[in-house]
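Okay, got some structures for you below.
Presented sequentially are two complexes of chain A, the first with chain B as partner and the second with chain C.
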Partner chain A sequence: MHIPDAFLPLWQSAIYWIVALVFIALALKWAKHELSEDKIPLVAVLAAGIFAIQAFNLPVAMGTSGHLVGGALAAIVLGSPYAAVFILTLVLIIQGIIFGDGGITTMGVNILNMGVIGGFVGFYGFQTLKRVGLNRYASAGVAAWLACFIAALAAAVEMAIAGTFPLVPGLIAMGTYHAAIGIIEGIITAAAIYFISTARPDMMAENATVEATT
Partner chain B sequence: MIEHLATIERDAQGTSRVHCLDARVKIIITFAAIISMVAMPYSTAVYPLALCWFALFVVWWSLTDLSPRVFFWRYLMTLPFGLFIIIFQIFFENPYYDVFTPIVTFPFGISIYAQSVEFASILALKFTACIIWVILLSSTTPMEDLLQGARRLGFPSVMALSLGMMIRYLFVFAEMYADINDALAVRHFSAFSRALPYRYRIKILAYTIGTMFLRSYEQGERTYTAMLCRGYGKDTYEHLEKKALTGGEYILIISMIVLFCATFTGVVLFWA
Partner chain C sequence: MNISNTQFLIGGLVIAIIIGGIAVFFASGDPDGLESTALYVQGDKTLTGDSPEDGDPEAVGVSDAVEYEAPLPDYSMGEEGGKAGELFAIFAGIVIIFGLAFGATRIIAAKKN
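Right after this comes the complex of A and B.
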């Protein structure tokens, strides 16, 4: 899902960067108000943990594998979509600059897809599904699936706008693959949240109900 | 990816002339090279420009004392998604050409077009000409130096502080990741083993990921408490010693940017 450099024209990359910067600024504001600036180290260390979590290869089907994006998991556990924006921004900076996964000019669009879309869809999907009566874990699973799937569709649309991959095949390819990957993301997110809420109920109970106030 | 962190950092600890350059110089040159390559429209003018970028890169890499194998290994790691887009490109029409000539036709109306093959090669070259500079930067600059360089170039302090903390703990979690994998391996657990029920494998992986999440959260809490004990507060900032670039470094930055701009302009004017 990481769009590399050169797959979007420079002017489009600049627009995505501007939009991403707005959300990064909001995420920093959230970190200062909700976490208090003192607790930023906690989120930074958590970002390192999410980076490690993404390294686990998860079996999908027919020998294929995928990995967790983790945006929905972070947003749900920390109780704000801005947590995902903040954490995924840190993760994507390291991935883009150290590993070359993603890109420099396309970092904005990748933050937008995985951090912003992933985080907001994951968090508000979770809240909405819980309100309509689904239990916490099913809500988390479906929300994580949606976060993965919609972020992938967004990447397909962005590349279609750039003219580097046609819309319909892009939506089909990215949609199909990430719909499958998303199921694993959903199951793992739901199970991880079950595990966390069993082992550290204080963490979930305290944070999962906090509304995003930024 | 995280399992390669130590290898990349070890390569970055070298003592070559490129390694010893100030991180700011390498960051600016990398960004200039990438932005100018991305700025080139999707046309055959990318061929000569990419060729020039590759030639410049070879000169830089030869000064790093790093083996070409290091580069190719790093390059292969970056390929999967870009390669998928590039390979499938040959089957589709795109908005950058008016006429498409099929060179191979398959059943179900699938064709490979000459123009699409050309476009795929343009994308591949642009992608490669960008990624090589990122590989050069990260293979010759330790992460802490990169962060300090970014801070001296105006990277926001809150983000720099977070990123600095994250970088330090990446190595802790890289070890933790390796330990967990070893622990699973000695218990004969493989996520891809068909001898184990799929549901069981997913459950173990989910609990492992949950454990990792909890451990990182708790590590974050411990780190935060330890920092408070050392006087950390919201007005704390990490001291960063002022360091001016040398005259030679200024000349290097300016000459590289002039070279990029001149090559770009020359290609645009003469190739068109």
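Right after this comes the complex of A and C.
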């Protein structure tokens, strides 16, 4: 879902950058409040893991491949959508500058789609699904699927505004491919949460709040 | 099974490196969802059909876009770098992002105290 430089006119890239910077500032504020020494391993491992797995494109049929985005995972594990903005921003900076994966001018829109939209949909989707009674792994999986799917639709709308893709075919194709890619997102997110919960249950944000309130 | 912070840190880094290493050999060469959509709206691909080998997803883009040459383009050291170059690129990337996230979090956490 990494948008290259050629897909957006400069002035539109600038607008998305400004919006992204607002969320980056909020994410830094969150980080100053919430990140303590004991969170260092979790943030570093999540960033490295998300980076590695984003390089692993899996086939999803229809002549298409896809990989985990990781916004939902970061947000659920660290207990805030801003965690996704924080970690995905770091990942996208390295990907764009060193590997040419996603543009430089379009880094703002990519942070917006994968970090902000992915993080917020993933986090609040997870909370809502858990509240209606789904178990935590199913909630995480479905929320991650939704995060991938909705971020893709947002990208289709951005591409339509830019005149790069026509609106309806863009929505249909982005929606179809990312409905399939989202299954990867859902399974890996649920599995990663299972592993972290098993290895270090105390690192999961939701367990921390449970302990604090009981 | 509770493991220490150091074990979690090293274990996580090792898992990331293993995933990156496997990706170099087994990642799909098919275009991703955005590129597939670009090929589809250009008429180079049907919605559910195969992607063309030599399709150019960026043909649909604007022509005066910023041209940025990344040092390790597409997680490789160029054509001549081969698989070894790709392994180097992905391992370098994992170490850099790990160090960046570790360092950034540490600086932020230290300021708090």
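Following the convention adopted for this analysis, the second predicted complex is superposed on the first by the 184 of 214 C-alpha atoms of A that agree within 3 Å, B and C clash if a C-alpha of one lies under 4 Å from a C-alpha of the other, contacts with A are read in each partner's own complex, and residues count from 1 in each chain.
Heads up, the rule we're going with is that a residue touches a chain if its C-beta (ideal position, glycine included) is under 8 Å from a C-beta of that chain, and two chains touch if they have at least 3 such contacts.
For clarity, every value in this text was computed on a predicted model and none was experimentally measured.
*Asks:* Looking at the overlay, what does A:166 touch: chain B (first), chain C (second), both, or neither?
*Replies:* In the superposition, A:166 touches chain B and chain C alike.
*Asks:* Which partner chains sit in contact with A:73 here, chain B, chain C, both or neither? Use first/second/both/neither.
*Replies:* first
*Asks:* Would you sort A:94 into first (chain B), second (chain C), both or neither based on which partner it touches?
*Replies:* Both partners, chain B and chain C.
*Asks:* Mind working out whether A:107 is in touch with chain B, chain C, both or neither, as first, second, both or neither?
*Replies:* The answer is neither, since A:107 touches no partner chain.
*Asks:* Which partner does A:199 reach: the first (chain B), the second (chain C), both, or neither?
*Replies:* It touches chain B and chain C both.
*Asks:* Contact-wise, after the overlay, does A:85 reach chain B, chain C, both or neither (first, second, both, neither)?
*Replies:* It touches nothing on chain B or chain C.
*Asks:* Is A:2 touching anything from chain B or chain C once the two structures are fitted on A? First, second, both or neither.
*Replies:* Once the two structures are laid over each other on A, A:2 reaches both partners.
*Asks:* A:156 in the overlay: touching chain B, chain C, both, or neither? Say first, second, both or neither.
*Replies:* Only chain C; A:156 stays clear of chain B.
*Asks:* Considering only the touch criterion stated at the top, classify A:49 as touching first (chain B), second (chain C), both, or neither.
*Replies:* Touch partners of A:49: chain B and chain C.
*Asks:* Going by the contact definition given at the top, which residues of chain A touch chain B in one complex and chain C in the other?
*Replies:* Common interface on chain A, chain B vs chain C: 1-10, 28, 31-32, 36-49, 51-53, 55-59, 63, 65, 90, 93-101, 103-105, 159, 164-166, 169, 173, 199-200, 203.
*Asks:* For the complex, which residues does chain B have touching chain A?
*Replies:* 1-5, 8, 30-31, 34-35, 37-39, 41-42, 74, 77-78, 81-82, 85, 88-89, 92-96, 123, 126-127, 129-131, 134-135, 137-138, 143, 146, 156, 158-159, 161-170, 172-174, 176-177, 191-192, 198, 201-203, 205-217, 219-221, 223-224, 227-228, 232-234
*Asks:* Under the definition above, what is the set of chain A residues touching chain B in their complex?
*Replies:* Counting only chain A, the residues touching chain B are 1-10, 13, 24, 28, 31-32, 36-59, 63, 65, 68, 73, 77, 86, 89-90, 93-101, 103-105, 159, 163-166, 169, 173, 184, 187-188, 190-196, 199-200, 203.
*Asks:* Please name which positions on chain C make contact with chain A in the complex.
*Replies:* These residues of chain C touch chain A: 1-3, 5-6, 8-9, 11-13, 15-17, 19-20, 22-23, 26-34, 36-38, 40-41, 45, 47-51, 58, 60-63, 65-75, 89-90, 92-94, 96-98, 100-102, 104-106, 108-113.
*Asks:* Using the touch definition up top, name the residues of chain A that touch chain C in the complex.
*Replies:* Residue positions touching the partner: 1-10, 28, 31-33, 35-49, 51-53, 55-59, 61-67, 87, 90-91, 93-101, 103-105, 152, 155-156, 159, 162, 164-166, 169-170, 172-174, 176-178, 181, 198-203.
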